[in-house]
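You will see two complexes here that share chain A, one where it goes with chain B and one where it goes with chain C.
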Partner chain A sequence: MAADIKHPHLRFLTRLYKTAFEQTLSLKASFILRVLFMIVNNLIMLIGWFAVFGTFKTINGWTFSDFMFMTGLVVTSFSIWSIFFRGAGIYTARLIEYGELDTYLLAPKNILLHTLCSQTDPAGFGDLLSGIILLTASGLVSFGNVGILLFCLIVGATLFVSLNIFLGSLNFYTADSTDFGERLFYLFLNITGYPGCIYGGTAKLILISLLPAGLISILPVEQMHHANATTLVWMFCIAALALIGSVLFFYAGLKRYASGNKIGGKL
Partner chain B sequence: MPQDIIVDHLSKTFRIKDRNGVKEIKAVRSVSFQIEGGSCVAFIGPNGAGKSTTLKMLTSILFPSGGSAEILGMNPWTDRAKLMRRIGAVFGQRSQLWYHLPARRSFDLIAAIYDIPDSKARTWTNELIRRFDLKTLIDKPVRSLSLGERMRCEIVASLIHQPAVLFLDEPTIGLDVEAKGLIRDLLTDQIRQTGTTVLMTSHDTGDIEQLCERVLMINHGRLILDTTVSDMKQNYLTHREITVTYDDGTHRTLQISAAQSVNNALTKLIGHKTIRDLSVSNPPLEDIIRALYKKDKGV
Partner chain C sequence: MRKYVTIMRTAAAEQLLRMKSLMARLVLLAVMLAVFNAFWNVVGTEKTNADISAVNFIWYLLLGAILQFGRPEGLHRRIEEDVRSGNIAYLMMRPVSFIGYKCCESLGTFCVRLPVLLIAGAGIISFLTNGALPSDIKALPVIIPLLFGSMLLLSLGTVFIGLSTLYLQDSLPLFWLVQKGEYILGGLFFPLTFYPDALFRFALATPFGAAGYRVTSLIYHYTPENALTAALTLGFWITVMTGLNHFLFYILKRKVSVNGG
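Let's look at the complex of A and B:
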């Protein structure tokens, strides 16, 4: 219970999540439909690739099991952003665009954290459920590598959150870049939807550095088979850099915030 | 009494990009004033005069382009988190309530945002619920409340942390006459009981007359008037109206300039009839304010 928590920040975050979840659950029919739709959506996507792997057995050394693991990891990482940090991305972009960040600026709490944690998407629960099923069904997870899995999930979620902080903050700099940011995000998400094994050479290099979708869709499968300390450190550094960079980008933009006078409420 | 709000040559310039390049809009130009603790001051001006921009700078939502300000001895832009614990704000066009949840949930969250212990928050919130008569509304989803009911909840939400200074930006906007009256009465009681310092913008002269003792008027980003409500009525009175009711039941009204003597007007009105009743009335505050805006139009 939030009421029993003494630490002020923890109490604030717990109650913020509780309120956000209650708001989501208050629309029960919509919640259930979106959860179910997301599970079906993820399974349909898998069926196509099941047929491909049924024909070719392996693609550049990857089996269907590897693909299932990759999809499970992408979907679960995505769900962490979607459930716990959904305020990053379109929500922040719209707050900035319509000058509605005022309510958050009036609260004596960290504005970025307050914004990130104040939204949750019901579809994220569908992603989380299907992600756990896929990770378990892939057969790649064992007691020996569960730590690697957790590490990869944290890296994946950090990248999704960072990217969304960055894209949401674009509106501080250019008016009405909400749609542009959304499209960029789905471009990134699309890259993570293909088996990482199809990328090689320069494409792979770009995907594990500049456009780090490969940190979610390529490297984790490799690390689950053969963990390598250098690669794990690399993954950690890129994820940390992405997070720090996006946070700095947000705060630099906040100084340009112009507020507004649109009539509205906290939805 | 100490000065709770000190504003010194505060300015704000917005840079707007359009086809012809970057355009500078000076929204607030070197505004200075001080507000004593425990007083209620109206901050008025026509649309686009710079009222909300000034309020947003004082509540640290916007950074100023120049000048300085101190609220309760703190700098709004460097001491944001500390200052936010001591001030409250109601922006009539913004909501701090969660739309699909009962207002009670938002109040609980606000208590956590301000790190108020649950027992203390519960006692004070219950007192505010009683004062603002929210008992029957508090457990209904905010989306099902009327605008007036929602505004009462918004004001309670801004008072949960017992702010020493309250900024109200058009708190009665869009409300009907009854709801406006109720909000004003509740605010009057609240201010009297707690001694909160209030700076309030409003286009409604009823808000100003009932709640405020002093008026700051801004136009084109400049402060053009700083006076008490009663002085404004006295000094900026342009005319008066004398109405007489004659014995035969007929009425006659004569408008005279503020400087003109009532004696002369009465001589004209008496004529050959007997007067049963007589009244001398000042124009409504709204007319005075309109005249002042008009006078400043050329600036």
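Let's look at the complex of A and C:
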């Protein structure tokens, strides 16, 4: 099937994903275990919030439905990164740290695309399933706003990928930044774990611009209730800027890359 | 005993060398405290049975955050690699208990991270709440040793997850569940009093409640009786988890010798 695709990048990506998925599915028991446990893991967290919403009923105007939608969106966006672009982030950071990027540099393919798409995480499928369940159960999605939902998912996934390209590339500039980058990623995740409605004023402004976690956790819920074209354009611009910025950051860093002396091969 | 102190000292020295990692944790802690503060500014105005003030709430969560950020990362992953690669066969030959070794590593790391996180966290909270102090700040000298007990219990739990690789082949899924148990049932995300009564009681009966809420809530609910209950409950669960770990390790040792390492 991959051989029928004319575009060289698409053909390459199809083959890369095929190999990555076959590798993941080769350990069936581990795959099923990770998918199931990830679903349970996401639901446990929701039970805690269900109890909190049971106490407070609404949090700054948000109901449990809104929170379910937000969590569903975060988890689904995360899963797109996790399934298709898992190579961005810690994986890239480690390649740089151990001087193992050489094998990618030697391949006659786009290096960023190659590293991004060469990894997949089975737990991502669990996130994807639980995300779809949460989005459906939230009751906020209808035929009228499914387009906005898809737009928000693309924005969310773009942000996760951009952030991981950026954090993974930190090792080009300063050595031993893998753990630092990982912590910053958790920071982003932690912010998106709380209902977006708790942020107001300056905090909200920062979260929808400089540290755009609010593009996943604040604005989508508002857009599902009352869509606003200006806000959607703003979301698109910030996500596009984040992606372009992170790609430029990666290539600027690549010029500083010092090759390792480890002998190895990569398919 | 001296060899375990040496392990702790080595782990602590290693932490002092990894300042960048510690700085990242401080940034994360600062943002988390700001998030907690924002959360309380919204929900704190509503009347509930949660029975906690804003400053108590943030201090409570600071102690929970210290337990989260104070532990060494990837402990279960390293044990899993040792079990999978057979490297554990060589570790067994060392004249120290494998479980004790891993726990001392955690405690050594915590020795460095606890004061840094506590002082920085107190400064940030002071900035956020105009210098207000929690109701029972005087209980801090009692809480700090108990936090070490909590860290020991959490480390024993993580070692158990790592050793479970023997049966599960992949310890990560179990780690996710336990981590969420710590957040939800341990009250590291919210005070357990936010929950309905049945869930509150259930959480208290778990090791998560013993390692988390029972200790961290002393910052605003201190009585000598509460502190004693927290210490005894911790002692109970530490004993249970030590027993379980040794049992699992005993099975592992037999398997390793059967398979030849």
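Brief remarks follow.
Basically, the second predicted complex is superposed on the first by the 261 of 267 C-alpha atoms of A that agree within 3 Å, B and C clash if a C-alpha of one lies under 4 Å from a C-alpha of the other, contacts with A are read in each partner's own complex, and residues count from 1 in each chain.
We take it that a contact is a pair of C-beta atoms (placed from the backbone, for glycine too) under 8 Å apart; a residue touches a chain by one contact, two chains touch by 3 or more.
Just so it is clear, the model here is predicted, and its values are computed rather than measured.
In the model built by aligning both structures on chain A, chain B fits alongside chain C without clashing. In the overlay built on the shared chain, the residue A:Cys237 is in contact with neither chain B nor chain C. Of the two partner chains placed around the shared chain by superposition, chain C is the only one that A:Tyr186 touches, whereas chain B remains out of contact.
In the superposition on chain A, contact of A:Lys109 is made with chain B only, not with chain C. Using the contact criterion defined above for the overlaid structures, shared-chain residue A:Val52 touches chain C, although it does not reach chain B. Of the two partner chains placed by superposition, A:Leu248 touches none, neither chain B nor chain C.
By the document's definition of touching, neither partner reaches A:Val146: not chain B, not chain C. In the superposition on chain A, contact of A:Asn60 is made with chain C only, not with chain B. Residue contacts after overlaying the shared chain place A:Leu33 against chain C, while chain B stays out of touching range. For the pair chain B and chain C, the least inter-chain C-alpha distance in the overlaid model is 13 Å. Annotation: chain A has no residue touching chain B in one complex and chain C in the other.
Residues 18, 20-21, 23-25, 27-28, 31-32, 34-35, 38-39, 41-43, 46, 48-50, 73, 168-170, 172-174, 176-177, 180-181, 183-184, 189-190, 194-196, 199 of chain C are the ones touching chain A in the complex. By the touch criterion given at the top, residues 29-30, 33-34, 36-38, 40-41, 44-45, 47-48, 51-52, 54-56, 59-60, 123, 174, 176-177, 179-180, 182-184, 186-187, 190-191, 194, 197-200, 203 of chain A touch chain C in their complex.
Every residue of chain A that touches chain B in the complex is listed here, in rising order: 2-3, 8, 11-12, 14-16, 19, 22-23, 26-27, 100-103, 105-109, 114, 255, 257-259, 261-267.
Residue ranges of chain B in contact with chain A, taken from their complex: 14, 52, 56, 59-63, 80-82, 84-85, 89, 91, 93-101, 105-106, 108-109, 112-115, 118, 141-142.
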